[in-house]
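Scroll down for the structure; my scribbles are underneath it.
A, B, C, D, E and F label the chains in the order they appear, each numbered from 1.
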Amino acid sequence: MPIDSGDTSWMLISTGLVLLMIPALGFFEAGLIRSKNALSVLMQTFSGLAILSVLWFVIGFTLVYSPPSGGIIGGLNWTFFNGVPVNKSLDYAPTIPGVTFATYQMMFAVITPLLITGAFAERMKWSAFVVFIIAWSIFIYYPLAHWVWGRGWLAHMGVFDFAGGIVIHTSAGMGAIAAALVLGRRRNFGPDIMVPHNIPLAVIGATMLWLGWFGFNAGSALASGSLAGNTLLVSQIASATSAIVWIGLSWRRSKKPSTTAVINGAIAGLAGVTPASGFISAQNSFFLGIVLGFASYYGILLLKEHLKIDDVLDVGSVHGITGIVGSLAIGLVASVVINPAGPNGLFYGNFAQLGIQALGVAVAAALGFGGTIIIMKVINKVIGLRVKEEEEEIGLDITQHAERSYVE
Amino acid sequence: MPIDSGDTSWMLISTGLVLLMIPALGFFEAGLIRSKNALSVLMQTFSGLAILSVLWFVIGFTLVYSPPSGGIIGGLNWTFFNGVPVNKSLDYAPTIPGVTFATYQMMFAVITPLLITGAFAERMKWSAFVVFIIAWSIFIYYPLAHWVWGRGWLAHMGVFDFAGGIVIHTSAGMGAIAAALVLGRRRNFGPDIMVPHNIPLAVIGATMLWLGWFGFNAGSALASGSLAGNTLLVSQIASATSAIVWIGLSWRRSKKPSTTAVINGAIAGLAGVTPASGFISAQNSFFLGIVLGFASYYGILLLKEHLKIDDVLDVGSVHGITGIVGSLAIGLVASVVINPAGPNGLFYGNFAQLGIQALGVAVAAALGFGGTIIIMKVINKVIGLRVKEEEEEIGLDITQHAERSYVE
Amino acid sequence: MPIDSGDTSWMLISTGLVLLMIPALGFFEAGLIRSKNALSVLMQTFSGLAILSVLWFVIGFTLVYSPPSGGIIGGLNWTFFNGVPVNKSLDYAPTIPGVTFATYQMMFAVITPLLITGAFAERMKWSAFVVFIIAWSIFIYYPLAHWVWGRGWLAHMGVFDFAGGIVIHTSAGMGAIAAALVLGRRRNFGPDIMVPHNIPLAVIGATMLWLGWFGFNAGSALASGSLAGNTLLVSQIASATSAIVWIGLSWRRSKKPSTTAVINGAIAGLAGVTPASGFISAQNSFFLGIVLGFASYYGILLLKEHLKIDDVLDVGSVHGITGIVGSLAIGLVASVVINPAGPNGLFYGNFAQLGIQALGVAVAAALGFGGTIIIMKVINKVIGLRVKEEEEEIGLDITQHAERSYVE
Amino acid sequence: MKRIDLIIPHERLHEVNDLLRKHQVGGLTVYDVKGRGRAKHEPVAIGRGVMRYIPEFGSRTKIEVVVSDLNSKSIIEDVLKLISTGAASDGKVFVYDVAEAYDIGSKEQGEKSI
Amino acid sequence: MKRIDLIIPHERLHEVNDLLRKHQVGGLTVYDVKGRGRAKHEPVAIGRGVMRYIPEFGSRTKIEVVVSDLNSKSIIEDVLKLISTGAASDGKVFVYDVAEAYDIGSKEQGEKSI
Amino acid sequence: MKRIDLIIPHERLHEVNDLLRKHQVGGLTVYDVKGRGRAKHEPVAIGRGVMRYIPEFGSRTKIEVVVSDLNSKSIIEDVLKLISTGAASDGKVFVYDVAEAYDIGSKEQGEKSI
């Protein structure tokens, strides 16, 4: 097929929108933690953008997408993007330039490991962070993305994941819980270290995330047109209903619904609808958003309040639990009327899909959780994971980066 | 007509751009008010995004756009977007998916009632806010949008409104004045409660608004191409000239032109050019921008300084007066050379249009003003509109949302 | 050729993306300087957006692009955009509306003089600023842009500049050094006036700049498709590698790599790759990015630490030196395989191009440097350039604009 | 001379300033402080709005005003009268002796300087 | 009554507050201040991360607590014991006499008020 | 020992700090404060730049420095000499007696501690 200018426009801007999400994640997180560590997460997300872009360019893209593949990992034909076509398409996305497909996927490879920054915030060494995201990319993201999106063995089994509920949110979400467990809790873990220091900054981040997610989900159609249009709508509805659930729950619980609740609810809805967004109708998304709202809200209560796992920004719930719910939802409410290239779910007569999705989720959860534990333990052995106690007290900004967010 | 990938690309991103304007409005407002109420407007705009998206999905779209219609209100065919086509277009926008048209219009339905947050900021109860935006949507926006855009009676009379000067800015602007009158002034109304608390935040909001407005106005062409291209240019010129007028006036008045002046001037130009942006030439926009600058500047002096109406963010002038001027400008300088689907204005030989536009403006102003008064009075009776005096002193952030913007 | 909806979509959004960069520049700068001058740069960039948009509309576009031209300056056919086609294209960009081409180029004409705000920040009078950007546009940018992009004499000699390394970054970068020299150093020049006051704000600016640069570079293809796709990739890689170099250098120098380093490295990479971005492969961009990282880092050390030139935000290095490196790189690694409308460089068998590029760079550097000195000296004579000593102590925000960034 | 420190809720600053103006004090200085005293503070949302908690310290305004020994008593009485609501969170007054005072501009010293 | 001023690194506030709670002080007031004393401060990055410099002033927390004359001595001793590490940056203690104190809510005066 | 409070425009901090350094004071503490005194303050733009108004309080820097009784006089004289321009907005100096002082790190007491 020839390159289509309209499809390419949409993919270029979608690439930009997903790029935006990467520092946006940093603003969202920085605003919600203590001021003395705010820069450290901005540094991690911004540096991560640079480092993981290059890693993808050098080795990532080829390992995920290049043939030949035995289903386990891709070939090495496209190291340094050599041979990725500029004037022709790849068959993954037949109407856009090959380089555009590869650049768009770059942004996904960058943001996934960086989601975990939310779990180890406020106590991880900078050097450990750098090693971690590289190792996590190579040992967890690249294989998993290959299995599901690069025509690997999970794809062959029929696992579907539109924009990354299994590949991204389940793996990173479970990785976040693992990371929080290995690192241990922050010093003086308890309510008074959990007061957000700059909520407008967090709302700026949430805004950019919401906007960027249109590129993340609707861009995953890899073309402009009806599928992209429906995906955008589905994402909007799930985000809105999930946010409303959070407003309601925080209103009921305390009489005073909070801004941090509504932005978290929206992000939870967006994260959860991601895998299903290209396969389901807006009506089903309405219900899915409600489920996602409840699941993520009570997920935080479970993990943070009851189990006292110090996953600082609740990545395990907001991305992990929602990613699992959304990935399973494909097995229930996906419909070929929406996307002929996708599956039908249980409600549309296909009883097998739910089980297949559960397999995909289980694999991603196991790899994300187990792989993270191993990587963290190895790093801990070799260079140490956590800053010293007094460094944690002083804050990562000064001790790791010699900077303060605000002066005067 | 088949779905066009290029048109759809533009409408998808335009949808994103208008989405961006919704929280952007919050940043703009939050930066210009006192720090103790900053979160309350962020909460209102962000929650409003969630709530009004769902309301539009459930009932709004169908009431505005669905046939059959006697010209007063739309049918109920498309509740919950049921039956809105994914793979085909609606005849409102023949080259993009029906769902994309519906989602794009969602953003307009969301932002319009939220413009009024600028009028009742710093003193309205959260619960009253929630009821207000829902009632305002149902009783004011949906009918009015149907009349003008949904092929209702005003459309039949020949009223034109490209991107929402009548439907949006006149109605919300007059609603803002009404809301300010019903609520009454803030405690200690006077200069020392009007010092902006975080101007960079307001500039961030203004920036996002300016960018977003490209999607708002040029997206209202409902397709990519020449009309969208000219509309974007027209918007840019009106914004720039209006901003220059504000710089000049504030320079003359005080020798020290201020940042808040230039951002307000830009927003005033963008708001005012909105209804005319798809019908006029860039040269006429140049002059329109100048008029808008003067009208909005002196409008504020009139309403806030002379009449002492406490429309906190001057929505009545920056959106209302400008929206009226721009809507009437169609009757003067619109030209079928620019848009064959639009009217000619007085200067292009059509003497009737100005009167027709004035009718549209009058209807919108009356409905916006009168409807808002009734809604506010009813809410006041039933649950109360305004927070208690001591809550107003302490600030809405703590008393309504249990949060502070900045800690430490 | 007919207007293409996909190409037009991409150019509309690219216009928006470059628009975004203009205030983004302000956020970036404001965050890195002292709080008492933060608004003054926001005011300059936002007002500059208004003023220079109108100047381009009135006289700039025609002077740069209108025929007839003897190669020195354009004609006056298109003053006030009169005669710029809405429904047809110009031959500069045959698949998009003429007005869209003109509006897109408007954003370049706006941002270029504003880059220099980074050099004269914290001490220039507001009135001098206004005169300066207008004079600089008319006497430096419009001629230079005509020579290279408007089919003037440098274009005839074979000078290439894809998105503005010669026309924009070399001229503004050398102008920045000149401006810093004429104005002289800030009072108490030394480390303690160089502590950034709000780094998250600077990161917000850097984020918007990175995103916007996709429109700046890939939009300069003036169409969607393969060239735009490759340009976006090339930009991303150069930015990422340059940022990594900065992380590494600041890590080595001080054990504590800083957030300000990584954002500056990214901007340096983006600025430097700009002229070459449409002519080179991603693999060559990888190496170019590394060179840009080193050149800009050591350029700052040279200009600021050794020569003690008080170019506040190091525009001379981050834009100037990188712009020169990138413009010369065309003479080395450009390839007609990437862009058939471009040249080959030395490594692809064309020995002449490097010299031609050097000529273009030399002309731009001379005009940018010399022209700026003359303009500044004249302004100094007539109305004075610099605020009074006590005004500089109190800060420009209060003394020039009667505002404070943050209150309470 | 005496220096009176008033530590009060932010929202009373306006009133107290007006009162001090009536007493014709020469000036005053205002600090944003955090503190704890007898009262419970307003709870704030934490953990993404899922939890709620009462912070150890509340946010308060502190006013410092240097006055002549003579006026000190009546000012304190009036302040107590004006803003005491009987609530624990009303605030505190602390009084200190001032050894000397100067106005930098006029170089005046002692009570004339304030 | 005495007022004790403690100027300490931010990160010790928590501990000192706990200690003062044990001494049952009636309240305390906290300021964010900048200062210089005997210690070198942490260097910060300037000039886009290219240079580094030690700022003239460090960022510190100041605690003010008004206590009875009787308790003053033992509180100071305990504070010194608790947070002195021997480092130059440990901070300072300054003590002042308080002429009078009032609780605004209860209108109590003197030691009862604090 | 005496504590000298200097309340001055922000932009003089640098000079005053240099001066105090010459007097070899052991340290000093700096506060951002708002205040009103004899001078009119700079007007600020309000209401979207349409109006202008002179705020009740200006923004000032307060320096606290604890010095020996001996040095107090000469420091104050020098400060007055250095920054008095005769303008109403030049600022104020207030002096207090210090009952006791400690350096937390060295546990030194009295004049040795400062």
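One rule holds in what follows: contacts are C-beta pairs under 8 Å (C-beta built on N, C-alpha and C of every residue); 3 or more make two chains touch, one makes a residue touch a chain.
All figures in this text were calculated on a predicted structure; none of them were measured in a lab.
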{"item": "Mutual neighbours - chains that touch subunit E and subunit F alike", "value": "C, D"}
{"item": "Steps needed, at minimum, to go from subunit D to subunit E via contacts", "value": "1"}
{"item": "Third chains touching both subunit F and subunit A", "value": "B, C, D, E"}
{"item": "Between subunit B and subunit A, distance of the C-alpha-averaged centres to the nearest whole Å", "value": "34"}
{"item": "Approximate Å spacing (C-alpha centroids) for the pair subunit C, subunit F", "value": "44"}
{"item": "Rounded Å distance, subunit D centre to subunit F centre (Cα mean)", "value": "19"}
{"item": "Where subunit D touches two or more other chains, by residue", "value": "31, 43-45, 52, 56, 96-97"}
{"item": "In subunit A, residues with contacts to at least two other chains", "value": "4-7, 9-10, 13, 195-196, 198, 204, 224, 254, 256-260, 262, 401-404, 408"}
{"item": "Pairwise touch network: line, ring, star, complete, or other", "value": "other"}
{"item": "Chain-chain contacts as defined at top", "value": "A-B, A-C, A-D, A-E, B-C, B-D, B-F, C-E, C-F, D-E, D-F, E-F"}
{"item": "Parts of subunit C lying in touch with subunit E, wherever the complex brings them together", "value": "32, 191-192, 194-196, 246, 250, 253-254, 256-262, 264, 297, 300-301, 304-305, 314, 318"}
{"item": "Subunit E contact footprint on subunit A (complex, rising order)", "value": "36, 188, 390, 393-394, 398, 401-404"}
{"item": "Contact footprint of subunit B on subunit A as seen in their complex", "value": "4-7, 9-10, 13, 17, 34-35, 95, 195-200, 203-204, 206-207, 210-211, 214-215, 218, 223-226, 228-230, 232-233, 236-237, 239-241, 243-244, 247, 254, 256-260, 262-263, 265-266, 282-283, 286, 338"}
{"item": "Residues on subunit D engaged by subunit A in the complex (per definition of touch)", "value": "43-53, 55-56"}
{"item": "Residue numbers on subunit D that touch subunit E, as the complex places them", "value": "2, 7-8, 31, 33-39, 56-57, 60, 62, 76, 79-80, 83-97"}
